[in-house]
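By letter and in written order, the chains are A, B, C and D; residue numbering begins at 1 in each of them.
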Amino acid sequence: MSLRQVGICLVGVGRAGAVHARNYAFNLRDTRIVAIVDANLNAAKACAGETGAEFYYSDHRDALRVKEVDAVCISTPTFTHARIAIDAAESGKHVFCEKPMALTLKEADEMISAAKRQHVILQIGFMRRFSPEFQAAKRQLAEGAIGKLTLIKSTGRGPGLPPTWACDPRTSIGMLAEVNSHDFDTARWLMESEVERLYAEAEALAVPELKERYEGFYDRSVVVLRFRNKALGVIDGACPAKYGYDARVEILGTEGVMLVGERNNQAVIICTKQRGAYSSSFPSWRDRFREGYLEEDRHFADCIANDKEPLASGEDGRAVLELTLAATKSFKTGEPITLPLE
Amino acid sequence: MSLRQVGICLVGVGRAGAVHARNYAFNLRDTRIVAIVDANLNAAKACAGETGAEFYYSDHRDALRVKEVDAVCISTPTFTHARIAIDAAESGKHVFCEKPMALTLKEADEMISAAKRQHVILQIGFMRRFSPEFQAAKRQLAEGAIGKLTLIKSTGRGPGLPPTWACDPRTSIGMLAEVNSHDFDTARWLMESEVERLYAEAEALAVPELKERYEGFYDRSVVVLRFRNKALGVIDGACPAKYGYDARVEILGTEGVMLVGERNNQAVIICTKQRGAYSSSFPSWRDRFREGYLEEDRHFADCIANDKEPLASGEDGRAVLELTLAATKSFKTGEPITLPLE
Amino acid sequence: MSLRQVGICLVGVGRAGAVHARNYAFNLRDTRIVAIVDANLNAAKACAGETGAEFYYSDHRDALRVKEVDAVCISTPTFTHARIAIDAAESGKHVFCEKPMALTLKEADEMISAAKRQHVILQIGFMRRFSPEFQAAKRQLAEGAIGKLTLIKSTGRGPGLPPTWACDPRTSIGMLAEVNSHDFDTARWLMESEVERLYAEAEALAVPELKERYEGFYDRSVVVLRFRNKALGVIDGACPAKYGYDARVEILGTEGVMLVGERNNQAVIICTKQRGAYSSSFPSWRDRFREGYLEEDRHFADCIANDKEPLASGEDGRAVLELTLAATKSFKTGEPITLPLE
Amino acid sequence: MSLRQVGICLVGVGRAGAVHARNYAFNLRDTRIVAIVDANLNAAKACAGETGAEFYYSDHRDALRVKEVDAVCISTPTFTHARIAIDAAESGKHVFCEKPMALTLKEADEMISAAKRQHVILQIGFMRRFSPEFQAAKRQLAEGAIGKLTLIKSTGRGPGLPPTWACDPRTSIGMLAEVNSHDFDTARWLMESEVERLYAEAEALAVPELKERYEGFYDRSVVVLRFRNKALGVIDGACPAKYGYDARVEILGTEGVMLVGERNNQAVIICTKQRGAYSSSFPSWRDRFREGYLEEDRHFADCIANDKEPLASGEDGRAVLELTLAATKSFKTGEPITLPLE
C-alpha cells in the first residue's frame, strides 16, 4: 500500500489510448499518469487535464526526459511503434506497446534488444490473455477438460472501418495485424505450440471500393494453421463486420470441445413479435475486454514494481508479427508458407 | 401392419381440430378419418374433402351412427365437450377430448362415468406429456437428476386474443382453463403430488376494455400452489402475450434446477447492428408441440388398438378442472382455497 | 483528483464486509479505510492489516470517535443494524447499511429519522440497482421495449445454508429478508409501483431438520404480489439451492417479455460425452454482482462527496422490510395481507 | 389419397439404411417397402420382417427384377454406389443414393448418364437441405437478412470411429467424403456459387495409430474455400469427435452474421453443483436430422409421383465429390488446388 505509484507516460490518446488512460488514472491505485504525448497537442492537453497528468507534449522524446516517468504506454499507429519503444527503452523507461508490435521483424528484433540491453520490461498488448473467460479457458484446458488439443478456431471481427492509416499497406500490414493479431496470439497461447505452416485467403468483399484506393486492401480473410505438434487451426477475420465486435474461440480436443466467448452479451434478452428474441448487439471491444484491459495494465505495473517477466512478451509480439507477415505473403502469392520466415 | 385402421370422427375443425385432422389423415398410418362434424357444415365439408373423410355433418349425433367410426376426437368450444363426449361414449365410441375437459366438475364426473360404463377410452388433450422435451424431463427427474423436487414454476402464454366464447364467462372458465390447463397438468404430473391449497391473482392488464364487456375477464394471472407433499408451485398465465407462444417450466430440487423449454426456437440466430442478436420469435403452439400432438394422437390410436389406459386420463382432466375452478374462486374472493372443492 | 479521500469505517468483516473492504481499499481511488470494527477483534485486526486501516476495534462506538472516519459501512448481522446505524448518524457519520435494513419497522423509522436529523447520507445495500445488466434493463423498460409492464417474476437463490443467526427467527426475519430483499427491491424499482396486497407460502423442504431447531424456519418460498397499478408479481426464494447463486428476473409487458440475468456465466462452454454441454455453475453472488457492489460503493462515496441523494435510500430499505414482514405474516397465517401494515 | 404407394427397394440396412427403412415403412403414407437387399441375408430378412417387405435378397440384381419395385434407396458403403445405381437406373428404377455419391468422377458421370438415359430420378442424400433450420436459414438469407454473403464456415463432426471400410483409402475417400460431404454441399447451396480454389490440411490426431494401418488416414481436417464470386469459406471435420454429433454453420454477410444449428438440443437444461449447467450432449445425426431425413424421403417419393427434379441432384453429388477429391489432393500435396479438376 505504501509503495510509490508507477508514473506512466501515455503516448497516443486515440481509442486504445483512452482505455489505458482511464485505467492508469482512475481504476488502478498503484499507477498515475505523469505525461501525455500525442501528435495532436490539443488532444494531449485535453487528456492531461482529464487524467491529472502534469505534462503534455507532441513529441515523445520530450516526455522521456521527465524523471517521474517510469514507463511508457504506446497506443499510436503501428508504423511509429518501433521508434518510440526503442527511444523509451534507451531512456531506461519500461515499455508497454499495443499490438501489432511493429511493421517488420527487423523492427521487432531491435525493440526486443533495446529492452534487453536496458533491462526494462517490454510488454505487448495481448489483453485477451488477461480476460477472465480466457483465463478460465486456459486453466480448464490445462486441467484436461477436453483431452489433447487437436484443432483451434479463432474469430476476430470489428464493427467499423479501420482508420485510414490501417487501410494503407504503407503504414499497416492490414486487418490480419490490426484485428487478428489477437487470434494469432490466442492460438499460440492456448495450443502451446508454434505454427510451422499456414495458408491464407483474403478479399475485399464488404468495401471493395477501398481496393481501388489501397492496393492489397482486404476486409475478409481466412488462415489455416498447422502447428509443430501437428494440431490444426483456423483464423478468420472481418472488418468492417458491421453487426458488432466479435471475438470467439473454439477448441476441439480428443475428449470434447470448448467454446469461449459465445454470445457473451446476453444478460438482457427481450422478445417481441416484431423483433423475435434478441439481446443487445455484441459489445464493442472496450466493453468486451474491459476487464482484460484493466488486468493487463495492472500486470504491467506489477511487473515493473516486482521485476517480473510479462505474460505477453516482446517475443510473443514478434511471433505474432511473423505469422501476420506469413499469412499476408500467402494470400498474395496463393501459396502455403513455411515458418519461420527466413 | 396388417391391422385395420382406427376410424376417427373429428368433431370441431377449428385450430386444434385442424392439427388432429392432419395427424389422423396424413401423419399416422394406423388411423383414417371417417367423418367430420362441425356446426358450420361448409367447414365440415371442406375438411372432409381435404382429409378424405367419407361423411360430414353439422350434428355429432349423426356421425355417431356411422359404423366405421371407432373413436371421436372433440376439439369444439369447452361448453359443448360434456354433451358430445357422453353421447359418443354411450354410442360405444372411444373419446379423445381437448382440454379443458368441461365447465363443471359434475360434467366431468358424468363424462368419466359414461366412459367407464361403456368400457371406452377417455383421453384428455394434455399433449405436453407426449412432447419429447417433457418426456426427457420426466425421465431425468425420475433418475434423480436434481434430487427431491421442492418447487415447480410453469409459464403458459398465448400470442393472441382467445376466441370470443373463451372470453365470456358463460361459455368458458377463462384463460386459467383455456391456456393454463396445461400448466396445472404439468405441475401435477411432474411433481407427482396433488395440490392441497392455492391462491390466485388475476387482472385484465393487456386488454382492460374486455373487462367492460365480459365481467370477470382477465388476461394475466398468477397462482401459488402448495402440494400435499409440501412442495410449492407457481403458475402464471398471459393471453394475449403478443410476442408469441411461450411454454416454459422450471423445477427446483434439493440438488439442482431443471429448465424445460427455454429458448426453444433458436436453431437460427441472426445478429445485425440494427436488431442485435435475435432468433425467430417463439413459435406457435402448433410448431412448439407438433411432435407432442402427433404422439398424443398416436397414443390414442394405440390405446384403442391395444386396450391400454391413456397416459392423460379423464381423472387427470377432472383434477385440472378442479384446480382451474379453485384458482378462479380464489382470485374472485381474494382468499386462498383449500382442495378438494366440496 | 485532488479531493480528499473519503475515510471509511467498516463494521463487520464477514462475507459482504470483505467485498466492501476490497472495493474501498483497493478498487476505488477516492476512498480509504480508516477503521475496522468486528466483534471478533482478531478478525478486525487481520482485515486492518490487509486494507491498510490505521485503527481496529471490537466496539463500533470506539471507531465513531475517530475523526478521519467520514462514513460507516455496516455489514453485520441484521439484528445489530439499527443500533450501529443510529449511533453512526448521531456521530455525524454517513451510513451505508447492508440489507435487510433492520428487524422491525420501528427500527427502520428510527434509522431514517436519525440520518435526516443529522443530515447524513443513509444508503441501503441494494446492489442490483447498480449492476450493468439491471441498469440496462431499467433503461430499456423506460424506452418502452416491451410496452406497459404487467407482470414481474424475480428469483433469488443462494447456494449454501445461511449463517446460524439468519436461521434463528429471534435474530433474523429469515430467507425472505436475507435473500429475497433484493427481489422485493427489484420488483418495486422496475415496476415503479408499490405492492398493495401479497400472499406467501413457505416451507422447509431442503433442510427440514432445521425446522425442529428453529420454529418458523423455511428454505423455499413463493410470494404473489399485486401492485397498486394492478400489475402482478411473483417472487420465489430458495436457500440452500445447492447448485449455485441464482438471480433472474422476467418482466412481461403488453408488447413483449424481458429476461434479465439468464445463463449469465456461459462465457466458457465445454461439451464432452460424459457431461454433455456444460458451463461453469452459476457464480457466487460475489462474482455475479462484482460490478454491482463496486458501483454501489462508488455511488456511496459520490453521494458523500457531492451531497447527493442515494439511489437506494432508507425509505427503499423500509419499504422492502415491510414487504418482508408482510410476506412472513402471510405464510404464517395462511392469509393474504394488505399493505401498508398498520 | 387414392394414389398407388411408391414401392421401395432398400439396398443396405446399416445405420442410414435403418433410418430410411423406418421412414418409408412407418412414417410416410405414400410409400411402402417391397424389397430389402443386404450382403448379409439375415440382416435383410430381419429388416423385411420389421418393415413388412415381401422380398429380401443378398444381391441387388435380384430385387431389380421385382415388378412392384418403383425405386431403389442405396445406403451401402461408398465403393458399391455406382454399380448399384447404374444397374437400378438401367432397370428403369428411380434412384436415391446416399452421400458420398461415388469414389471417382467417372463413376459419378456414369450414374448421371444412366439416370438421364432411362429418364429416372437420381437424388443424392443431402438431407440438410430438407431440415427445417437449414430451410429457414436459406429463406432468411434470400430475404437479405445479413446482406451480401462474404464468408461461410461449416463444421461437421461425428462422435465415433467410422466403419472399417471408411477408414481404408481403397474403399473410401475418407472423412472429407463420409462426414464433410454435407458441409461442402451446404457451402455451395447457401453461397450459391461454386468453389474455384481450395487448400486443405488434415492429420490423424485422435487415433494416430490408424495411420499405421491405413496410409493416408486422418481424423481432423480443415479446408479453406475461395468461391467464384470471391466469397471465402472454411470447412472443418472431425471423426471421432467423441463428445457427439455436431453440425453447425455460420455465415457472415455485409450486414450481419447468421448461426445455424447452435446448441440445438438445449430443450432441457439442468444445473447442479457437481456438473454446472448442462444439457444433454449433442444428439446423434439420427436425432439431429430426423426431420431432414423424413422430408428428404418424402421429397423423393414426391419427385417420383409428380415427375419433379430433385432438390439434391446427381450434379450436386458430383460437385461435392469433386470438392472432396480436390481437398484430398491438396492436403496430400501441400498445395492449393484450382477447380475444376481436369
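Note that contacts are C-beta pairs under 8 Å (C-beta built on N, C-alpha and C of every residue); 3 or more make two chains touch, one makes a residue touch a chain.
Just so it is clear, the structure is predicted and the values come from calculations on it, not from any experiment.
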item: Most distant chain from chain A, judged by the mean position of its C-alpha atoms; value: B
item: Comparison of A-C and A-D by number of C-beta pairs in contact, larger one; value: A-D
item: Chain centre separation (chain A, chain B; CA means) in Å; value: 56
item: Whole-Å gap separating chain A and chain D, where each centre is the average of the chain's CA atoms; value: 41
item: Numbers and ranges of chain C residues touching at least 2 other chains; value: 146, 242-243, 255-257, 262-263, 266, 271-273, 275, 280
item: For the chain C and chain D complex, residues of the former touching the latter; value: 159, 242-244, 263, 265-266, 271-273, 275-282
item: Of all residues in chain A, those that touch chain C in their complex; value: 1-2, 25-27, 29, 52, 132-133, 136-137, 140, 145-146, 255-264, 266-273, 275, 280
item: Residue ranges of chain C in contact with chain B within the complex; value: 146-148, 150-151, 153, 157, 197, 199-203, 205-206, 220-222, 224, 226, 230-234, 236, 238, 241-243, 246, 252, 254-257, 262, 334-336
